[in-house]
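Pasting the structures here.
One chain, subunit A, links the two complexes that follow: it is found with subunit B in the first and with subunit C in the second.
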Partner chain A sequence: MKSFLKLLNFEFNRFFKLYIGIFVCMFIFQIGGTIVSSLLYKKQINKLVNQGAGQNTITEQLEPFGLLDVTYSLYFLGPLFIGLISILFYTFFIWYRDWIGKNTFIYRLLTLPTSRMNVFYAKLATIFITGLGLMAFQLFLMAIQSKVIAFIIPKVYRSDLDLMSVVYHLDITYMLLPTDVTEFIFYQYIGIVVTVVFFTSILIERSYRMIGNVYALLNIGIACLIMLAPLWSATFFGYNYLYGKEVILLVLLSSSIVLILSLVFSHYLINKKVTV
Partner chain B sequence: MKKYMKLISVAVMIVVIYTVFFISGKEMTASFPQIKFHHIEGDASLVESLAIFGSINMGDYFFDETFKYDKNGTTYEADLPWLERLDGFSSEQMERLNEKYPSFMRGKDEYDSYFFESDEIVAYVGFSSMNWEMAPEKFDVHLLDKDSKQVTKLSVDIPDVLDYWYLDIRNVYYEDGNIFVTTVNHKEDAVVSSEYGNYAEEVVIYTFDMENEKLENTTSIYTVDALENDEGFAYATVLEADKDKGSLYLVDSSEIYSDDGSIKMKLNKVMQIDVASQKKKEIQVEKEVKGGVPVQADANDLYFLQNKDGKAALMKYNVENGERISTLIFDEGVSYDDAQDSYIEEINGLLYFIPAFMYNDDTAKIAVLDTNTLDKKYVGELTVENRQHINKFLEIYINEAYIKE
Partner chain C sequence: MIEVKNIKKSYGKKQVLNGVSFTADKGEITCLVGINGSGKTTILNAIMNLTPIKSGEILIDGAELTKKTYEKIAYIPDTITMLSSMRIEDAFLFMQDYYTAWNEKRAEDLLTFFKLTKDEKIQHLSKGNKAKVNMILGLALDVDYILMDEPFSGIDIFSREQIADVFTSHLIEDRGVIITTHEIQDIEHLIDQVVLLDDGIVVKQFNAETVREEEGKSIIDVMREVYRP
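Now for the complex of A and B:
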């Protein structure tokens, strides 16, 4: 356990600078964007007021402004996508960086006096924590954005949907941050399984090199087939043959099969096949 | 410990933010508009078991939230636990059948008109297809014996399916080991032709012998030449006179375009059909009745929605003796055009009028009328409250309404 925590801390610190960079980028663009668009909206209100328009005329001419308007903008979605893509990219880079350079670092990692799977789990936990952290930070920023809008725009011209409703109605945030705890846990579990499949594929490639690329893609394809099999039940049994709960249970089962097989295979590869 | 500070900080941030997020999330739909029901006059007990299913739509964004309104208030689909939300809201009949016969209900299209239920059996007829367009190819006919729990299943190719553009199931009925399904089949390239189209609507009754597990009979009851031209278009309406006895009305009517842009109705033919014997009887309709939309029926009466100087009126027409009663649904408020989209349901000797949509701060009136006299037994009003949070233009659609019998 101690070795795992040390490795986790080590892996996390290696990503920390880039991670903070993503946070800063998100903060500057999203908060800055919210301030600018709120001020521009207020400028429009002031312009109408100066033209002698009353409150009713203004609300007829201008749609009320709120957090939902912000979330559909480039300055909101852009940095969020950059953050997500960075973590996706790092899912691969977290392994390959250890093989890059003159003194291949993987040699030191694999010769540590601990189970080699601890290296695997530490990298997995790093990706999981950074992903969760990114979405938590996004929530924090959305709460600030909501306050910024409330500070700049008078209540009568505002749309005050609460944070959870906005998350619920924006597909990208809802996919990453479901508003139901059970659904959240389910999605996180699927996220972990997908990451493990990627890691296994990376180890396959590192073990078998050129032909390993084909095996790795094959591994991802087979994992997808197994995991999504319950969703394809409609093709075999007819639309809606399974109740929603049953589909979820079967996806959990198929994902667990993929997870166990991937971990066993990764254990074999990292102990017996991976070459430095 | 110090060297773990970065990791611990991020872990604490995650725990704190998610905890606050999920705890505050229990109040999520508190900032959503709430549908409220206000009694205006009459016996409020008549609408106690009213359930309305609809959606709230906010024009500019993908904010489309399904809700259910009943005596407990407004429940949004977002309020439901995730696993319940996956299957969504169901009508009272479907909810009961799903609860009682989950195995039988598996994989079925949950439209009330696809089912027939008696004390002994539940009959279902739906479509299945294996093509990419999901165009119906086969009838799936299922019969559940409530006592023995035995299910008889039949899958039959739809006769002459390629002649039809699509099929609508309007009624399912069971009698003496046979399931009867009445459909309106939309025919392309029919004998009719006009510059707007070339189609017809054929009313067909298919009889399935469930003991011998075969399609016994296909009877074409009537074909409406659904001709569309500059003057209007015709279509077939099937109304249930008595669902328990397999008695239907078939109405062939036309919408006629007027020069002033309004639409007038013209009844071409009305027939009473006994599904089991497949006997049809033409009903002679008085001239005054011909300018209305047939909206509901019971054993002896047809109910028409009529246009009285732009206002919506209901007319009851007794098919046995030709007696007519007519009344404005509301003295003020509901135009004929708005009323055309409304739900008018006949339940237990009462006629329920429920509007189909509300815009923004509008209100919508509900009425319950006595089927004998068309007197108003109850009037209520739906309003939207707590909309100051969204503060945007809203469209509220009522998709379905039920009264628990």
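Now for the complex of A and C:
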């Protein structure tokens, strides 16, 4: 456990600079974008006021502005996607950075006097924590954006929705930050299983190299097939008498099977097959 | 004792090791000699379980390698095994964090011996100094066995002399060392056992001192006989 925590701290520190970079990028673009679009909206109001329009005329001519409008914009979705893609990219890079180029740090990691699976779990936990952190930061930014809008635009021209309602409206934010605890845990769990499947595929490639690429893709394909079995089998076999919650339970079960098989296989690969 | 028993290994269709067997005792320097691609590095990697073998067995003090074995065997590959962004002191701290066998005092002594300072960043070091840091990371572990892969490769003559001096010091005494090198003349007088490899097999294993005394031949003489008959 001690070695795992040390490795986790070590792995997290290695990602820290890039991670902060993602946060800064999100902050600048999202907050900057919110300020600019709020000011532009206010400019439109002022223009109408200068033309002699009253409050009622303005609210008739202009749709009210709020956080929801911000979330559909490029300056909001762009940095969020960049953050998500960076973490997805890092899911692979977290392994390959120890192998590629002149870097032979993998020699050290694999010869530490601790279980090699600790290296695996530390990398997994790093991805999980950074993913969670990104979501929390997004929520924090949305709260600031809401304040920014409230500061610039008068209440009468705003469409004030509470944060959770905004999250609920947008698919991407709802997937990342479901308002329901069970759903939140479900998505996190699926996220962990998917990451483990990716890690196993990376270890397959690192063990079998060229042909390993094919095996790795096969591994991902088979994992998807098993995980989504409750969904495709219902369509394939033409039955649809299961309730939504039952399907979710079955997906949880199939994902757990994938998780256990992937961990067992990864344990075998990292101890017996992987090559530096 | 490190026992390598009939190990076989192939990369695709190419058979790199075809039944290699030899032993390396504690307190002795065993040198693996062979032309490029003869499988010297692969053997060291296999001993450290850094590459799988097709068949055969590797025992360290009579047992198979486990995670605890890494506290009694150190590997010094031909490139540095620390992050280049680290300072030397960070690398030492990392070693101290994970290895109970880490001997900070010895690390400091070696740093002084090699005339290096702790605050230097690894990425700013010359190739020779990187090799020295790499060597410190292995030698400062209180381990029974040390594996060194081409410690003199691409290093200037003065650094080579410094590294060769390590072999005559107390730092190596009583430990079992397996070394691969092309620059055999640098440490010829220090080697106890020689393992000559060719085409994935051990073509000859001999005691350097015995051959010197009984046949009047140097290691290089024997190598000529084997590789250029």
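Basically, the second predicted complex is superposed on the first by the 271 of 276 C-alpha atoms of A that agree within 3 Å, B and C clash if a C-alpha of one lies under 4 Å from a C-alpha of the other, contacts with A are read in each partner's own complex, and residues count from 1 in each chain.
FYI, a contact is a pair of C-beta atoms (placed from the backbone, for glycine too) under 8 Å apart; a residue touches a chain by one contact, two chains touch by 3 or more.
On a predicted model such as this, the values are computed, not experimentally measured, just so you know.
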Which of subunit B and subunit C A:Tyr75 touches, first, second, both or neither: neither
Which of subunit B and subunit C A:Asp180 touches, first, second, both or neither: first
Contacts of A:Leu139 with subunit B and subunit C, given as first, second, both or neither: first
Which of subunit B and subunit C A:Asp160 touches, first, second, both or neither: first
Partner chain(s) touched by A:Thr275 [first = subunit B, second = subunit C, both, neither]: second
Contacts of A:Thr111 with subunit B and subunit C, given as first, second, both or neither: second
Partner chain in contact with A:Phe16 - subunit B first, subunit C second, else both or neither: first
Contacts of A:Tyr121 with subunit B and subunit C, given as first, second, both or neither: neither
Larger contact residue set on subunit A - subunit B or subunit C: B
Intersection of subunit A interface sets (partners subunit B, subunit C): none
Touching residues on subunit A, where the partner in the complex is subunit B: 5, 8-9, 12-13, 16, 63-64, 66, 68, 72, 129-130, 132-133, 136-137, 139-140, 158-165, 168-169, 171, 177-184, 186, 237-245, 247-248
Residue numbers on subunit C that touch subunit A, as the complex places them: 45, 48-52, 67-71, 75, 77, 79-84, 94, 97-101
Contact footprint of subunit A on subunit B as seen in their complex: 3-4, 6-7, 10-11, 13-14, 17-18, 21-22, 24-25, 27-32, 60-63, 65, 78, 81-83, 85-87, 102, 106-109, 128, 388-393
Of subunit A, residues touching subunit C in the complex: 3, 6, 10, 14, 102-105, 107-108, 110-116, 207, 271-276
